[in-house]
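So the structure is just underneath, and the comments pick up after that.
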């Protein structure tokens, strides 16, 4: 979708128009056809020098197709947050140090802030919005809710993606596996202990215990003085 | 307490965080997610000089960058900037890329001035002056009690030590900023803020717009810890850009910016001399401390609560004391209130000195505290903690742990004086004939669980389930709530919601003739309302909340004496906070305070470069915060004190953690590392294992 | 980042041609995007090399060949690598975070730019950026080198975990240079950085790392590092040891230290001394002394000496299995 705005800017995409057309319902294209289109695009474009101005970029995100006009320097995170309505992935640092931008590419968790959108064509990208498309929270998401593994929530999509990716690869992780998988996600509110519990609940190691907390409460009057 | 019911179904129990599904699914929209129609991207140009006279800012080339719609200066005319990162100009454009290009096209003419970014250097009389004509350091009179010099001579044991805490950066996961739309109708601002009314006030006064034309919204925000109170210069700039472009502007700080300009916790350099008599009673205390709040003191961009001054002696009553503290200005961003301002460094200095003195006396540190701590609540907490933590079994004399990896334990207490409430908090509820209810408060939820507390209290009073309560916060069109600071939010909103719902019950019962509209009768009673909903207003009531929370923490650490690596194995926290409203969100707050306190103990430090005056670590790579692999086993014992009403928890829980860990390290290796963060480098230095620099 | 052109190369020839005019190769992108975002280097074009055939294979044999596009995650997760080169696997598992390992490549990890905070800072024009001085030398040098070339005043150390492990395994790095496959040892790969303050390694513009080749001589290998934090933190010091161990004695010993020099630090005399000896506390301690001899200690990095000493002893003793 090309738009020439009043500055005569060909190729730059008017966010206003984009949002009007896309809204919150994404255009769905059959998987095979999009892959084929992307592959053709890549073959046609391979070795062809494109940019630095905006060029057509097709991304397959959560099973839907995003057709965007992006400069090559636009990161995948930027494309998701600022050129589509997928704001679930967060920008915490834009320097591949905090994990708030974590998405899955073909089931593999990566930092979307340190990947160019243009090189992600033809791949299956999953963002946090893609985990509960039908409206029902995924097993991992529900475990986060049950175990209060979130507070302000800004790091949460990233952690959810990392834990989801872990369980897809290793359905029976140890606590150390969870730490290893989530070491690249930073939380400032201090949800880490409960993220670990949520991961173990989602893995079936800890029981589903909505709202249970192991902290003991004791009345002041019963304390020895 | 008079108002709170004795038997409760929800208060004191655990209700799931009501906004959790939105957060885990990515549906939650933060200020940085708002995509208002036609929105533009905004960015700030910051000073690369730590001190300079700015003589000109040329925006022409920036305005010529394709996609750029506006460029403004912060201030016209000549001005002096006083720290690396001070705001100079701002641009708005169609894309982030256009803004990045535009910033690089702005030409700034500046004459570099002398600067100082080191506290100890800043004290010197020949140091560069941060504020022309003013010495960098204040020179206050010492505060004296008794006769401290004589008293030291009377002591059986005296310990002298030097304790240092660094400047700490809040670094919430969502940076500061907002999405703002300024049209002829007024200003609508989605601000990532800890106080929507404070933000509204700041925008209205800075931009000279009537307050009734400014609306601030904050439904979800990504953490604050004190950084997100006014001044909100970045939001003022976003608003100005919006006016200029006639489009909404989203301007969020980058992570780089976040370390420069929106506040920090002051440092401390504490020389402490402390003495006790033979029977183990504290007798004399002398503190000589200085620290920096950046340019803060007297600065125009300072946020409140600089917190350089330490409330010493902390917790313990010492009959003879002298306290002398100086604030030192340096060319760095101004300090702002940071989670329990003043308390973590105070606790670290005091409790470290206590353990050092206990070692000199040959007395168990917990026993020493039980002898000297005047706080009844803490006394009980220590005793409960000793049992729970297994102190007596674990305790060994400092440094006597065998082997290369030594274990040690330590403890520390907190005395958080605030909490209490914002007495002017108000709220309202709209009850519909179909029984649905919406409770509205002009408050914000930082991730603390505020929305859930509202649902819990409402459900309790009305005999409904929390999931039946629709909670709406974060709008200045709602009745005013407190700014979220000082750990006052819960104590402000809980009595308010109690009042709103109590009044709602009264009015429904009166209007419908139903004697008891709670619980099972609710829907029938509401049906009798007819067509119009009932809107009930209420406000904060006295007698249902109070202030002062204590808390003690115990830490167990391993220290590898060959590599210096400290591993925290366990933290045991015995914490009071009055009436427990919602247990699981309360625990998360305590976990969070402890984990942040551990970061303060072991990893966090803002590093300034003396030569260039820049912040060297404005990122998460070298400004290190606690990670999932660092987090210890955290065990919490909650002390329920419903008779004290609702008190806050956000801050007390982070106060003593670093002190407890520092003391545990001392216990493990037998020598004191008195400087935070306790890095492998410092542990090895304390053990005498670090060779001196090579003479070149 | 400044705007750049983009192309996907399908052959090494075209990759080098496309990148010839102020271009950079784009593999994982962790390092490249990082330096571009801070405007530390210029790039007119980014050439995506991830479609180059044959560079993403792991070939076993008497000498293993690991392609430059093999990711750090693949090395971490390879059971075969863990069995044959456990030190390499351990080094890989501590690179960054999961998200980084999943895209980081062997070639990128070896050729990454300095992590010195003065180099990485957009507003300090340090020596390496052709400024007037090395800020770290008399400044904040807690993360910096203990050894550096005589005429080199830049003290930024190599921090690649893989480089440390590869060094201990006598790895050859094969670089495509002006159309020719050019083998170099790890030392040769970093020698220029050791001598020349402006260099990050010995690669020249246009050079493309093709693969590493690891002989299977060293039947035992180990790797350890110490960081401030327990994960996702650059090593303060890293150490890799390798050799053939039999009956408690070691032959063909190698010890390499990372993060204390612009190249992995190895002392041939120490390796020679250790050859044929029994791995016991006293011996490995002596070896550590020899390796650290001559360390030039700055104001804030002296602590690296005891850490290095401990890691040398531990990695060597770990070879006993």
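By letter and in written order, the chains are A, B and C; residue numbering begins at 1 in each of them.
Definition applied: a residue touches a chain if its C-beta (ideal position, glycine included) is under 8 Å from a C-beta of that chain, and two chains touch if they have at least 3 such contacts.
Predicted model only: the values in this text are computed from it and were never measured.
*Asks:* Determine the chain that sits nearest the middle of the structure, using the mean of its CA atoms as its centre.
*Replies:* Chain closest to the assembly's C-alpha mean: B.
*Asks:* Of the pairs A-C and A-B, which shows more C-beta pairs in contact?
*Replies:* Result: the pair with more contacts is A-B.
*Asks:* What whole-Å value do you get for the distance between subunit B and subunit C if each is reduced to the mean of its CA atoms?
*Replies:* 39
*Asks:* Which whole number of Å gives the spacing of the CA centres of subunit A and subunit C?
*Replies:* So the centroids are 31 Å from each other.
*Asks:* On a C-alpha centroid basis, what's the spacing between subunit A and subunit B, in Å?
*Replies:* Inter-chain centre distance comes to 28 Å.
*Asks:* Any chance you could list the residues of subunit C touching two or more other chains?
*Replies:* As it turns out, subunit C has residues touching two or more other chains at 1-3, 231-232.
*Asks:* Any chance you could list the residues of subunit A touching two or more other chains?
*Replies:* Within subunit A, the residues that touch at least two other chains are 71, 73, 94-95, 179-180, 182-183, 185.
*Asks:* Touching two or more other chains, which residues of subunit B qualify?
*Replies:* 97, 621, 626-629
*Asks:* If we count contacts the way the header does, which residues on subunit C are in touch with subunit B in the complex?
*Replies:* So the residues of subunit C touching subunit B come out as 1-3, 39, 117-118, 121, 123-124, 135, 138-140, 142, 226, 228-234, 236, 295-300, 302-303, 305-307, 309-311.
*Asks:* Of all residues in subunit B, which touch subunit A in the complex?
*Replies:* Residues 12, 14-17, 19-30, 32-33, 35, 37-39, 41, 66-67, 94-97, 171-174, 220-223, 225, 252, 254-255, 376-377, 379-381, 383-384, 446-449, 576, 580, 583-585, 587-589, 591-596, 619-621, 625-629, 631, 634, 636-641, 643.
*Asks:* In their complex, what parts of subunit C are in touch with subunit A?
*Replies:* 1-10, 14, 18, 26, 29-30, 33-34, 36-37, 45-46, 48, 50-51, 73, 93, 96-100, 102-103, 231-232
*Asks:* Which bits of subunit A are touching subunit C when the two form their complex?
*Replies:* Against subunit C, subunit A makes touches at 42, 45-53, 71-73, 75, 94-96, 99, 102, 108-111, 114-116, 118-119, 162, 165, 179-185.
*Asks:* With touch defined as at the start, can you tell me which subunit B residues reach subunit C in the complex?
*Replies:* Its residues touching subunit C are 48, 84, 97, 100-101, 104, 562-565, 567, 602-603, 607, 609-612, 614, 616-617, 621-622, 624, 626-630, 677, 679-681, 684-685, 689-694, 696.
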